[in-house]
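Chains here go by letter, A, B, C, D, E and F, matching the order in which they are written, and residues are numbered from 1 within each.
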Amino acid sequence: MKKVLLTGAGGNLGKALRKTLEGWAESIRLTDIVPITDVAAHEEFIQCDLGDYDAVYSLLTGCDAVIHLGGVSTENTFENILNGNIRGAYNLYEANRKQNKVRILFASSNHVVGFHERETLLDADCTMRPDSMYGVSKGFGELLARYYYDKYGIESALVRIGSCFEKPLNKRMLATWMSEADFTRMIHKIFAADRLGCPVIYGVSDNPAVWWDNRKASYIGWSPEDSSVVFEQEDYIVNEKVDPNDPAVRYQGGGFAAAGHFEDE
Amino acid sequence: MKKVLLTGAGGNLGKALRKTLEGWAESIRLTDIVPITDVAAHEEFIQCDLGDYDAVYSLLTGCDAVIHLGGVSTENTFENILNGNIRGAYNLYEANRKQNKVRILFASSNHVVGFHERETLLDADCTMRPDSMYGVSKGFGELLARYYYDKYGIESALVRIGSCFEKPLNKRMLATWMSEADFTRMIHKIFAADRLGCPVIYGVSDNPAVWWDNRKASYIGWSPEDSSVVFEQEDYIVNEKVDPNDPAVRYQGGGFAAAGHFEDE
Amino acid sequence: MKKVLLTGAGGNLGKALRKTLEGWAESIRLTDIVPITDVAAHEEFIQCDLGDYDAVYSLLTGCDAVIHLGGVSTENTFENILNGNIRGAYNLYEANRKQNKVRILFASSNHVVGFHERETLLDADCTMRPDSMYGVSKGFGELLARYYYDKYGIESALVRIGSCFEKPLNKRMLATWMSEADFTRMIHKIFAADRLGCPVIYGVSDNPAVWWDNRKASYIGWSPEDSSVVFEQEDYIVNEKVDPNDPAVRYQGGGFAAAGHFEDE
Amino acid sequence: MKKVLLTGAGGNLGKALRKTLEGWAESIRLTDIVPITDVAAHEEFIQCDLGDYDAVYSLLTGCDAVIHLGGVSTENTFENILNGNIRGAYNLYEANRKQNKVRILFASSNHVVGFHERETLLDADCTMRPDSMYGVSKGFGELLARYYYDKYGIESALVRIGSCFEKPLNKRMLATWMSEADFTRMIHKIFAADRLGCPVIYGVSDNPAVWWDNRKASYIGWSPEDSSVVFEQEDYIVNEKVDPNDPAVRYQGGGFAAAGHFEDE
Amino acid sequence: MKKVLLTGAGGNLGKALRKTLEGWAESIRLTDIVPITDVAAHEEFIQCDLGDYDAVYSLLTGCDAVIHLGGVSTENTFENILNGNIRGAYNLYEANRKQNKVRILFASSNHVVGFHERETLLDADCTMRPDSMYGVSKGFGELLARYYYDKYGIESALVRIGSCFEKPLNKRMLATWMSEADFTRMIHKIFAADRLGCPVIYGVSDNPAVWWDNRKASYIGWSPEDSSVVFEQEDYIVNEKVDPNDPAVRYQGGGFAAAGHFEDE
Amino acid sequence: MKKVLLTGAGGNLGKALRKTLEGWAESIRLTDIVPITDVAAHEEFIQCDLGDYDAVYSLLTGCDAVIHLGGVSTENTFENILNGNIRGAYNLYEANRKQNKVRILFASSNHVVGFHERETLLDADCTMRPDSMYGVSKGFGELLARYYYDKYGIESALVRIGSCFEKPLNKRMLATWMSEADFTRMIHKIFAADRLGCPVIYGVSDNPAVWWDNRKASYIGWSPEDSSVVFEQEDYIVNEKVDPNDPAVRYQGGGFAAAGHFEDE
């Protein structure tokens, strides 16, 4: 890896990856819609609105890999989602097609399938059932990536990230949590694979409770090594009360599935 | 049916349905981005850009059903697709949610799955593999409709239309053709169903060659009655030369799958 | 067929079959818990409580086939279901095992799978989800028959009857209706089959709306010939109001799925 | 857990659980058809015939969880099975519905699927093929539990126990053995789950040979930790002679599948 | 079709096709290991042992399609099968690869899957379970054809012929019978298809009892039009006695599955 | 194990097994078409061309197990494949049928399924898609073994060996590598199994990248213990350049899938 583009570098996940990916690529080009000031020696920063095609085109110039975390990362107004996640994803793939057709890690989300019930074990081919407009936009991104793969041979990993935080924030995340270290190892595997194709990969650690089955992406060679089991006895977990009939408990998307429309809330 | 909204009423399919649906609904509200002048007594026309939320909101007022053919119906620039098919679909579903939550027939397309090979029999749960940005946008529409169903209970039929013309225009359409009469009968069934849910239905007649399996939507009670067999011996069909290795023959999407990017062509 | 045992001969379905099966078997032994007085020349009647093993044993003596409609045929008290459907089914199979191991048509019911939603196409291997204690007891009967097949080689057809009446009584039955003639033809096929095994067969005519898929029993050679389509325009059908969110509409079992516990009603 | 009802507490499995569950629940109400005399301080004992509804109703009063091991636990006369396993299961679920609708662990059995061949890997949705009247009655219990879940929301775990003994007693049990410790950990998970639903779980340790696949219940978060591998070299195992064509070897149910009818033996 | 090669032209099926295909191709090159003397004007005959590569090479020269019925067509000695069906099939495909890579109809057989039970509905992807060395050799031919398709793009239809006779000869053939007219129509479709690929097609008419499901080949556009139903009441059918436990009745391959090894008989 | 026949004992894999199997069987009968001179005390050697039935018959006499590695083990001329792999396999199974019907480990190959793409996870029931005439001949052997199992009850393990070398020779083998120790443990399990049946088992260690799923053979009780992960950082691995679009990378068969016909090279 000579130069990797990291979009959404100013977000929480972006910040985490900047640390864990140090040393992996010779240089990392950071981008975000907000300024980043603590740029390290092996990094460069270019501020960019992903809705601006020409700016995105320039972002990609000279990069040989993309980790695309950018855009809106939770439920938001349709206009914001449209700009960041729909127009933004299109700009990224189209600019890549016009240049070097490099491999892309597309940060999708479990909210693409958040209206499946917990009792349903999902794999890469399950029907998409988004739980939010955010989830719909991530589903759009997956379809777009698949189209650019089928037609132009651009390889993407469609990573349906569970909950990538330092630790699980609540009981639901005991199932959905992915450690930053596991995500980092997955990134290594995705860009080192002899052949990537366009797989769906659920981004989740080796937790006790399992909702997602990654067997169809097992050719990538990634297996998580961390587990949420070490957090099970934390007080804030043990003391959390849940009702099995709450939609936030019934559906995999949790609070996203239970929430009303963003503009109404 | 008291009043049905027909979007895209000025297109070829819209024109055909205006004839075949006469007598089915008490009145039909036509809309299109271009003017329609031959408005019948049981019809009214409202010109509308589907990208304009307020206009779409007004369109829906007073309607108890929607047949949504509107938007871009073939490959086009991303901006046109974004406005007509992405923003337009959102506006329609959101305006419906704010008002009466009526049943919607969403005209999706076989181009949502156009990168599957002909040898693959598809059903309602197959992976979406769009063959064009048009196909990606129709996939977005399906995800959106599913989201509004799972969260708000709005029922939609996601009709992946094959080729709805007076007759098949080429050899490929011997497999993908849906007669206007079959589509009309399907519309009757969709709006009469005791319970619709949110099914994917392939819009295709009872042709000799079959690529699509509608068994999962068989609870709707629709079966096609026409067949392309009557056109098999037409000269323009018999004389068409095809190469089994042409991408337009290999993939279900035909020319859409074989074409390059719209802006480049 | 020399002598066929018909249990539940006094019920509506039993009465219908007495007419349609005339001429098929040389003689038919009728039985029911209530008296039957209009016994024809080719018939004999033996009154019997299926909960009485010795009586059931005698019923079977000399018969070379059984059509088992007997027992409780709708929701009822647990004690009645226990006697007629659980003890009764056991007595029948055990008495058969001790004697000639003849072929049995076991009248099961769609209520064995009545808690599946209408949108789910069921086949012979779907999970049983009974909608009533009646449905649970019919599921017991299916398991019992399967056990006697796997261990003792006794062949049974497990017919999950939809609604076998002269005509559909309501909108739901447009999907579940089986004509008496179709059932009669199915009976012919079941007892004429070179090899029956122990198949699940959904008892339903060739209606427009389809909830059940009989492909796994297609080796029997039965296909329905009648259709509920001829009743679609009857006034009592057209005028029936249904709500797609009513549990009786959502679940295949209809009113059985929507009802509370029998003893409470 | 304040108070847990443990039925069948006098059996071998009940005795084992009384030890391993000490400390998990504040108190355990033991019940069995035979007297239990060694009642500990955190225990209470109520003798009860599960066929007696009023007695079962009283058993449940004040309990917030049920572990239902009671009834006949091996092949037996139909009358005994009817009383303990059919009437008994109904009484338990119905008494629970009338009171607090608490969560139930229903001890089902591998004999519900014992007529599948060893070469067939089973999961939660495989067809039930009971190998005995005992197996049929456990299948009845599963259907009953599913009915009470679908209609009344009562959550149950349907645990198809393999062979829960201190150690495997023969070669077959190298595959079917579940350690008491693994069962205990499973119980913890079942009653701690945020949402249980109504899953089928095969009760088996992490043995070398695998007949059953628990992936569809992986959302519960239970994985076995013990293995029969430590017993593979025991003399009584090594010296046991088996014939691959013996029905007891061919079918998963082992001796249950090979045995004749109970009354005849 | 200019010139079609018909191997095995001297056999019963070859004789039938010579009649029904008249007029379809401009000329038909017949071949067989035995002489054919009644050569029509549009035919030519070349005697050939398929085990002779050079002779097979010459056979193919100038042909633009192959219907390969040749080789041993029933159980036989291993040496005969080796020469006619294994060496013969290799010679045909290899000679075709070296020349024009024309489309081939490979006459496979239901005996490739003859050890499946009747109760199992088979489709194109079922596991091959040959019932004879003849069946094994036909399985070899299917694998060979698939290899030549995957590596060299040579298209083949792998037709698992049931029983192609003037009429069914026994009860089993009521299920397996394919009329000569249906086979002829299938041949038309196979060679007219825009794209053939390498499908498995079961060669069977639209008979009442169905063992085989051709849905995965439905893109070819062939559907049978004849049915064995018209023979069901023939005396030799009605009077045939069958035992459901006879291996010839239990397994789809009939007598082939029940027979011992050829050399031993 | 008293006496085991090891065919192909002079090849690389045969040599490795001679070492690792020492002590497992009382004696090992080695055979190969080429001489073996270093015969140990517990071994005997019989030179044999597998194409010679009488010689093969003698080989089997007195053996109670067979490990069949013999025949051609890579792409070769059709004549060599025919003699060693087709005639040779037949001779082995037929000679076994005539004598003791002992259990056979048949060394099949991943090249039986080598035209599946890497992204496709294969299991025991996947369609065979051989990548070479060698692969076709191994597919023949699998069909033959299955036939002798279904008809004569001869049990075989069909081991689709990946790459069984001391260590992986290139990047592809990081996925396909099976350690000799893992193969040896698999052999122990196959011949110790209470019931073997006729399973397909992929011969592969517990490597990071997974193309093959052995769950359907999990009743055998074998799990690999070694992993190619220890070789990932070797220089010759790290420095190997691969192109994701190279057929040798796209297809599982690697170089076999990419190669032309053997005689042409």
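The rule is short, and it goes like this: contacts are C-beta pairs under 8 Å (C-beta built on N, C-alpha and C of every residue); 3 or more make two chains touch, one makes a residue touch a chain.
These are the chains along with the protein names UniProt gives them: A, B, C, D, E, F = NAD(P)-dependent oxidoreductase.
Keep in mind the model is a prediction, meaning the values are calculated, not measured.
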* Structure fact -> Those chains that touch chain D and also touch chain A are F
* Spell out the chains that contact chain B while also contacting chain F. => A, E
* Quick check: more C-beta contact pairs in E-F or D-F? -> E-F
* Give me the rotation angle that lays the C-alpha atoms of chain C onto its copy chain E, rounded to the nearest 5 degrees. => 120
* Where does the A-D interface recur among A-B, C-E or E-F, taking recurrence as more than half of the contact pairs being identical by residue number? -> C-E
* To do: Take the average of all CA coordinates in chain A, do the same for chain E, and state the distance between these two points in whole angstrom.
  => 52
* Distance from chain F to chain A - Cα centre to Cα centre, in angstrom -> 41
* To do: Using mean C-alpha positions as chain centres, tell me how far chain C is from chain D in Å, no decimals.
  => 32
* Contacts with two or more other chains, residues of chain B listed in rising order -> none
* Any two chains that touch count here, so list every such pair. => A-B, A-D, A-F, B-C, B-E, C-D, C-E, D-F, E-F
* Asked: Which residues, counting only chain F, touch chain E once they are in their complex?
  -> 78, 82, 86-87, 90, 94, 97, 115, 125, 127-133, 135-136, 139-140, 143-144, 146-147, 150-151, 257, 261
* Asked: Which bits of chain A are touching chain F when the two form their complex?
  -> 153, 155, 189, 194-197, 199, 215-216, 218-223
* Can you check the complex and tell me which residues of chain F touch chain A? => 117-119, 121, 171-172, 174-175, 207-211, 213, 242, 244-245, 249-250
